[in-house]
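Notes follow once the structure below has been shown.
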Amino acid sequence: MHRDRLLEAYRRVRERTERLAAPLSPEDQLLQSMPSASPAKWHRAHTAWFFEEFVLAPRGVERVDARYGYLFNSYYDAVGPRHPRPSRGLLSRPTAAEVGDYRRAVDGRMEALLASLDDVALAEVAPTVLLGLAHEEQHQELLLTDIHHAFAQSPLRPVYAREPAITMAGVRSGGGWVEHPGGLVEVGHAGGGFAFDNEAPRHRAWLEPFCLSRDLVRVRDVAAFVREGGYRSPSLWLSEGFECARAQGWEAPLYATVEGDRVRAFTLHGECELEPDAPATNLSYYEADAVARFLGSRLPTEVEWEAAAQGENPDSGHQLDVTRDGVRSSLAPRAGGLASLYGTAWVWTASSYEAYPGFAPAAGAVGEYNGKFMVNQRVLRGGSMYTPRGHLRASYRNFWHPDTRFQRTGVRLARDAR
Amino acid sequence: MHRDRLLEAYRRVRERTERLAAPLSPEDQLLQSMPSASPAKWHRAHTAWFFEEFVLAPRGVERVDARYGYLFNSYYDAVGPRHPRPSRGLLSRPTAAEVGDYRRAVDGRMEALLASLDDVALAEVAPTVLLGLAHEEQHQELLLTDIHHAFAQSPLRPVYAREPAITMAGVRSGGGWVEHPGGLVEVGHAGGGFAFDNEAPRHRAWLEPFCLSRDLVRVRDVAAFVREGGYRSPSLWLSEGFECARAQGWEAPLYATVEGDRVRAFTLHGECELEPDAPATNLSYYEADAVARFLGSRLPTEVEWEAAAQGENPDSGHQLDVTRDGVRSSLAPRAGGLASLYGTAWVWTASSYEAYPGFAPAAGAVGEYNGKFMVNQRVLRGGSMYTPRGHLRASYRNFWHPDTRFQRTGVRLARDAR
Amino acid sequence: MHRDRLLEAYRRVRERTERLAAPLSPEDQLLQSMPSASPAKWHRAHTAWFFEEFVLAPRGVERVDARYGYLFNSYYDAVGPRHPRPSRGLLSRPTAAEVGDYRRAVDGRMEALLASLDDVALAEVAPTVLLGLAHEEQHQELLLTDIHHAFAQSPLRPVYAREPAITMAGVRSGGGWVEHPGGLVEVGHAGGGFAFDNEAPRHRAWLEPFCLSRDLVRVRDVAAFVREGGYRSPSLWLSEGFECARAQGWEAPLYATVEGDRVRAFTLHGECELEPDAPATNLSYYEADAVARFLGSRLPTEVEWEAAAQGENPDSGHQLDVTRDGVRSSLAPRAGGLASLYGTAWVWTASSYEAYPGFAPAAGAVGEYNGKFMVNQRVLRGGSMYTPRGHLRASYRNFWHPDTRFQRTGVRLARDAR
Amino acid sequence: MHRDRLLEAYRRVRERTERLAAPLSPEDQLLQSMPSASPAKWHRAHTAWFFEEFVLAPRGVERVDARYGYLFNSYYDAVGPRHPRPSRGLLSRPTAAEVGDYRRAVDGRMEALLASLDDVALAEVAPTVLLGLAHEEQHQELLLTDIHHAFAQSPLRPVYAREPAITMAGVRSGGGWVEHPGGLVEVGHAGGGFAFDNEAPRHRAWLEPFCLSRDLVRVRDVAAFVREGGYRSPSLWLSEGFECARAQGWEAPLYATVEGDRVRAFTLHGECELEPDAPATNLSYYEADAVARFLGSRLPTEVEWEAAAQGENPDSGHQLDVTRDGVRSSLAPRAGGLASLYGTAWVWTASSYEAYPGFAPAAGAVGEYNGKFMVNQRVLRGGSMYTPRGHLRASYRNFWHPDTRFQRTGVRLARDAR
């Protein structure tokens, strides 16, 4: 990869993280509202540590602070012990300002390294740098979903960023279904551009004919599910899903309250009433599965989704941008095809997160990136309002446990073609 | 189905349950050693209730005891509330003897019903009767695995049944691999004979070329895994598997202790030293996956297993029989092909338990039989020493959570063909 | 102590245990419905073990079964490891019949020993034998409260023993208060007759003048507490009590349901409606304290209770007897003084269970009998319907944690004298 | 009380809180490391709220922020619902700076109110103001113990305040015992000066003759307890204490590690080696009780302690001061009597925390201050290094659960006089 483009990408991604954190006070950045979320400050530090650990340290660059390896390692067993995840919210030190210093120090070392390498060495290091940037973009999305969850715990209901109102008018494609003939398809990353190891190898799979709904399931559909007793009807649910819903007292998607036809929700932009035609978000897999059954359909498999998405334009749906002037959101309506394909909300697939045939994790510690999580999780596809644009591609595999609701997750329906 | 054959099958299966319970005292039959196991007495009563609920009651036959519907319903939401599963061990009443009375009363009603129906009505009821018998055979296996677990909690180490020693000499096929060319295969129940709804529909799937190991992973392999620190090496494990192993303090398969090359285990036949060449059992999916990685291989997918098993003779491996004279075990060695294919131990597959393309659960309450469990579980294939012969077929899908160890579960290795 | 009287006491107490267990099937005797309760069979075996461990074994008498020491030790650290308490319900072996054999074998050894000792040796062993009998009588009461709790978990609501109806008519003394002048009093066991170490030494204490209610708090009082929202009024409760009540969902005393003025309860004698004037039972300390506050009073301290009870006749209240013909209950009404002083229900005192000034536990393992439990528990005084008569004395100190409800516990009010 | 003295006291106490918080960053002030601890920022806000709720609001003064009543109520049910205690660490808003604004706004209103009241009204309000100041001083001590616990969770081991080294040389009184003749004593607050309601009424109690150790149990005593296996010897412990120690993995007092004779600990002043003659701190009641037994003694009752402390000079032991120049500590050695009586460490008493005879809580919400906690806790007496001087008096009753270790708690021995 060309040195200048690599540097430019590095700067752009790294700067975006700081812009996303900018609206947060030092105290906001310390919040950890559940073990599976992390403080914003920790996201900022961990993404810097990734470059230090996997790019700089192997090339002999001295670490900024010897203690940070322990504090900011997430889950890489191969590089040593780490601070327990549920205790990240107890790290008042280093302060948010000191984390900023750490990031700048790493950036300085990275720029110096990239400038100093010859072309061969640069080619060798580039894949890890690109992995680090993709990694940081994943944490950008998590930073937003995590602070959303943390703010939702506060009776003061803090607002992350006010934004101009986005109306859903004209977003919908008119409804209906897109049919796919099935047969022997190819899925997985085809080479060309960055991809995570779990997207490979590209491989063949057999599909029966199927249909996908043009639109995501809407707020009004979920309101109907609530109104008609969906949360109390075991016949609509997976057994563990219904147990979970009862144990957790679920009566609506996370952050939402439903009263008749009206649905209100706490968002990063404050409390608001949701538009009935807006895509529903923050549903667990269990809820997505139950709502699909309620609507007489099912969830798509990940192969179905990918086969249908190949060739579609990624500019669709509701997306959040971050500029020098602050946080902005935009909406790209679609006249045909699959609406909100890559924006708005991730869609749950009926597929368990497994290795592709012939999958082999990368050598070394970065081999822990994906493979060791391939159990008990479900694949999500597409991308949400919070997903960086570099992550919008047909082969991208996101994955979460089926009870997860704090991600921006929604539903696209599928059914067998007749 | 012919009336006489149906009656004969009914009597044979029902009697076998009572024979399996015969070595157990009334107190033994009350034991429930964990929420996911059930007392032997409860298995006996629940399998009778199944016929009462789904065959007799819909045809107007009066219930033996109105209270038993509540006590002995397992998980069918559609037929009403039920006694909480973890409390089954607190049901001292009805006594073991009264459960025997209940079974006999149901048998009398069933025989009377089957004798009284005309051929059309018989044809209508037969599938549910066969489902009830297959259901009862599943509980026969559970009765054995559950009492095994319960006895293992007692410092007195009770013996379920002494048996003549079985030697593994000559069981092994000589090792090595059986290769399959892959391509477009068909899997799923093909029609003809009973099958559960989750085995259908038969459908196509694409496979890359692969190999399966002729033998199951042996006791000596697991001893080596233990000896070389496998239980303390996170790089061999799925992340959740390693957490589980540490949290539970696993250091060997369930019931086993490893000291150097020697492996001792508590079995239904008492404490004994395991033969090094015997197949290893009572491993969780997490352990199976780690051991496979330790051995440089991987677990097969369920489609790989089924494609390879089609056409193989089910008479293979170690099996437990129950005769008028008591419990016996037998061993069918194999010279070639896949050894221990259907006996000895279930094998974990790398496949999450999902619906087949086009799957539709049966209408009514029996539709709850399988579909609502299709999340967070792994498919097992083959059959164990405890599996009734009627359950040994290529399309059979067993499923358990990945941390399950109290089932008789083992490992067959797979690898990509080169 | 005279040999014959010792033997006679031994036989009487030992036989009474078996009579109490007689109505229970082998399966009933295995039930353990919570960690702090024990199976009836275990009570029978443990009380035999006590004699074996502390009387027979130290004098060289061979143990009946070497494995029973581990199984039937309750909490004596000094005599070795023991089976974990919450797993007692998993001991299907030895069977109820084998426990009977064990008891008879111990009885034979005890009779032989007591017959063989000379008077000096007899005098030496007598205190431990008497301790063993007092210990067994405590377990007789526990056997009843534990099976009550276990039966209450069964939807079949088994009946321990039918009994002739007892009416409360004429039990009450007419209400009102008995006043005590306070001052320097003496409490604690005065010597003469058996007592536990925690009742000694007798010592002085200073009391301000106080009053005790003649009667126990009645069913109608608790019904009023329920009706007027007592379970939802934090101002009536200790803070931890209110938390406990909410966490456990308490809305009435254990086993009882209140509808308006009517109170129904599940008893050892079946479901029945409680008489409004009957003493209320199965209240935790937290509830007793809240009900007393609701009634404008407080609970007595243990010194107040004992000072007032000294000299009172122990024949009062409702008591359960066990004869050759089965279980019977009797009622001894009182015209004056403190009604139901020693029968019916234990009364909670406001006193934490602590060592008396100068208390020293006995030497050896039996020193673990009482002292090590002197924290986090409350003293109860009097005795219940289930308490053996040998335990009815002014100095007797019963103790339970403040959230305990499965004992037969009630309330006597106190207030400062003006 | 004289208006000027009240105002002066108000200003002194309120300012001291801010000085104690001054070394902490905004992020430090948000830390909540366990449910029973609170963030420093919360302590600052809650103590302001107390004046607003109980002094200002009842006199019609408008609240600074209507939402703060919900956020900063601790446990007063009578004044409305409150934010759940374990979630205090999730309140990033209001920020530490905004809490400072809140405190200043309350101070302004308080000064205005106190200036405006006539003498009658002032006399009426003064007791609540004094209660508020005593309350704030309690929180000053908690602020220190809570941040100590929070900092101990950080691998960076932050230092609250460096201080000049304090040597214990000359602190000890020479050891030995002080005898008290017992008899009828009077304890409880005698009137004159502020006291909490739980210190009243003054009342008589009977004591047998006893002795108290002149010195607190030392670091070297606890080191010996560790070295000789005290943490693994059930015979030294209360049963629940030993269970707790095993469940929590205790091997030394909190924050301390023992290696042979050397004891190191993490303190508010950093990691250091403890002097062998320094009083041991951060022991739970369970450990204090076990160590006393190990040393052949027992813990004193609270009446014994108070009877012995009456008339002693409160200037003794190690105390932390806070001045304009920062945090300082001082040491007042004693030649005779009871050393470290009111400084250094609270001492556990053998007394459960109960109401005194005739105790009646104050009317209204402040009546919840003490009474509702009178169960399951143990009384501590004296005062620690962190206790404000206004709290050092013979009748003061501190109380904590017996497993508490994060308070600065130690041991003074007692024994019966012969």
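Labels for the chains are A, B, C and D, by order of writing; each one numbers its residues from 1.
Just so it is clear, a contact is a pair of C-beta atoms (placed from the backbone, for glycine too) under 8 Å apart; a residue touches a chain by one contact, two chains touch by 3 or more.
A quick note: this is a predicted structure, and the numbers were derived from the prediction, not measured.
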{"item": "Steps in the shortest chain-to-chain touch route ending at chain D and beginning at chain A", "value": "1"}
{"item": "Residue-number overlap at the chain B/chain C interface, same or different (half cut)", "value": "same"}
{"item": "Gap in Å, rounded to a whole number, between the CA centres of chain B and chain A", "value": "38"}
{"item": "Averaged-CA centre spacing for the pair chain C and chain B, given as whole angstrom", "value": "47"}
{"item": "Rounded Å distance, chain B centre to chain D centre (Cα mean)", "value": "60"}
{"item": "Sites on chain B at which at least two other chains make contact", "value": "none"}
{"item": "Complex interface listing, chain B residues touching chain C", "value": "25-31, 33, 67, 70-71, 83, 87, 89-96, 150, 153-156, 158"}
{"item": "Residues of chain B that touch chain A when the two form their complex", "value": "75, 77-78, 184, 203-208, 234-235, 237-241, 285-286, 289, 350-352, 354-355, 357-358, 368, 372-376, 402, 416"}
